[in-house]
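Working notes, beginning with the structure itself.
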């Protein structure tokens, strides 16, 4: 295959960036879930009667 | 915004963050699976297809370069629509959507820039030229980074969302410039060959892998966008609960 | 001391931190050059190393004024000053953290800009190497300016004005080492070694002068 | 242990704020500095903390286990107007940083214990910037507890505190004194302490003119 370096290089870079994006979203989600759990453990719960309070921060 | 309201519409149903989270939880596994399938299919098609007689095997770079470039513009369009949502309806989910899309847009734009550069080196003999198409995509990349930095620099997320919404809408002029730069200016970059008046000029041999990859990238974007929006909603919920916790702590001790 | 390093790194990454802004400024400043001088690839590749170096110099000055100002505003500076570890060491660690958070990203971004400037691989490598070695010197010099300007209400611009002339030798040897790597007759090693010597010199002088200034700027 | 000041003088601009000021403080003793605004209370504390160079005189700290020639500031905690905490970090990160940075020998509390002592256990995971002014001040006080220093220099320590926290803080100072500590406070509130010397600052003790004569 001619120019194999450029072709595999571009696929590798794409894979790397996509993996970085997925990793960011995934790790961020896990960190948030952990923080929610911490808050839950500290006895701070959402008042479920007011579903808006999450977004009105 | 309670569910016994009769005037409830599909849109405002989605607009409730809690509902939105439930919806994301339902959709996300399917969307991820579909994305993975489409990506595998696209890669298989891309590597079994014939090479171009003129560009050789480097045409395979196109299967990721072109979808990434499309996505970089689509992501900005999604952000612009969200920005209108923020400014006109003052909708919190629109804020979240615009903020969550910015890093994804930066990622796809970076893919387009780097793969384009890796394609340009064997074809044009240089990594980079300052022609209209490449420059405007680079400006798009800088705009994404600037929006991320702006969002991070401000404490109040609602205010940050409104300020960046204005900036997003102003920056939207760049999108048509990117799209038509190859037609308006005589550049090294080849003109559009798929989305154009009078049907695609591209050979069917290349069209199929390209389309499958484009679908895969689009699915990937939406999966990541939904997940990032979920994270952002959770982040704001956590912030709200923390403020409440601080108030509760002093209420308890203040007696 | 590790605690101080970790805290400063955390602060620069958390919301409002300056790590991203520095890189962004670097990208922008280098990206506007071709609009000014025109997209002539030969010309760009000739001036490339100098442009990348100037861009890195300016963007590493960005945010440097906050190095001690932020500490002063919330009162942390008093406690740092009172501590029994030598103040020189504290300043050194703060400089190190600042360089890791803002200087290192610039070094990592520089090859990308080298490509934009149509520099060849050797030149890109040389610029990156000289930046790794030379940019800490800018931070150490900047720390002196930041310490002098700590008591001023609006010290930001003044820091740059104070620091830029002092940073000129670093720029001269950084750029000349980069050019020496590309152009054949000039040897690469002498300017590079001088650059290293400059960095070591400022690593010793900068924190000491900054500590002296901080002690005397207290009010 | 003895903290003594001999013939201290300090100036602000060209004005001498105080001059020829001397005192001795032994273990378990406190000095309350009073006076109107601008009378030099803060300046005195900053001079003792080593943050300002005195115009004349000197501050010494002597006693068992203190090397001669040691600088007094290494034995002092200084609680100024500002809290020395980062808004972006959590309370725990802030306190953990100061605990590890200030180090110091025994007698220091854990971070959890310190937070309980100031009555704010359980919100250590919150970013400091989320807290109210009073809570922020109480955690700033907790900083004094996580690393041991024999001398506490307190500049308007109870400025943002309510009556309950005031009492809590007075209790802390008492305990510190009972353990053989020394405290200097610039404050209007009575801290309810025994064995207190009071120093009334008058401000302005003349223009420092002799330099130009």
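Letters A, B, C and D name the chains as they come in the text, with residue numbers starting at 1 for each one.
By definition in this document, a residue touches a chain if its C-beta (ideal position, glycine included) is under 8 Å from a C-beta of that chain, and two chains touch if they have at least 3 such contacts.
All of these numbers come straight from a predicted model, not from anything done at the bench.
The chain pair with the larger count of C-beta pairs in contact, out of B-D and A-D, is B-D. Using the mean of the Cα atoms as each chain's centre, the chain most removed from subunit C is D. With centres defined as mean CA coordinates, subunit D is found 54 Å away from subunit B.
Averaging Cα coordinates per chain places subunit A and subunit D 45 Å apart.
Note on chain placement: the centre of subunit B and the centre of subunit C lie 33 Å apart, centres being C-alpha means.
Shown for subunit D are the residues in touch with two or more other chains, namely 122-123.
For subunit C, the set of residues that touch two or more other chains comprises 15-17. With touch defined as above, residues shared between interfaces to two or more other chains in subunit B number as follows: 155, 239, 242-243, 245. By the definition given earlier, chain contacts exist for A-B, A-D, B-C, B-D, C-D. Of all residues in subunit C, those touching subunit B in their complex are 15-17, 20-21, 23-24, 27-28, 31, 34-35, 39, 41, 44, 115-116, 118. Every residue of subunit D that touches subunit A in the complex is listed here, in rising order: 122-123, 125. If you check the complex, the residues on subunit B that touch subunit D are 155, 239, 242-243, 245-247, 249-250, 253-255.
Note for the complex: subunit D touches subunit C at residues 46, 49-52, 71, 73-74, 76, 78, 80-89, 93, 96-98, 100-102. Interface of subunit B with subunit C (complex): residues 117, 126-131, 135, 138-139, 142, 145-146, 148-149, 152-153, 155.
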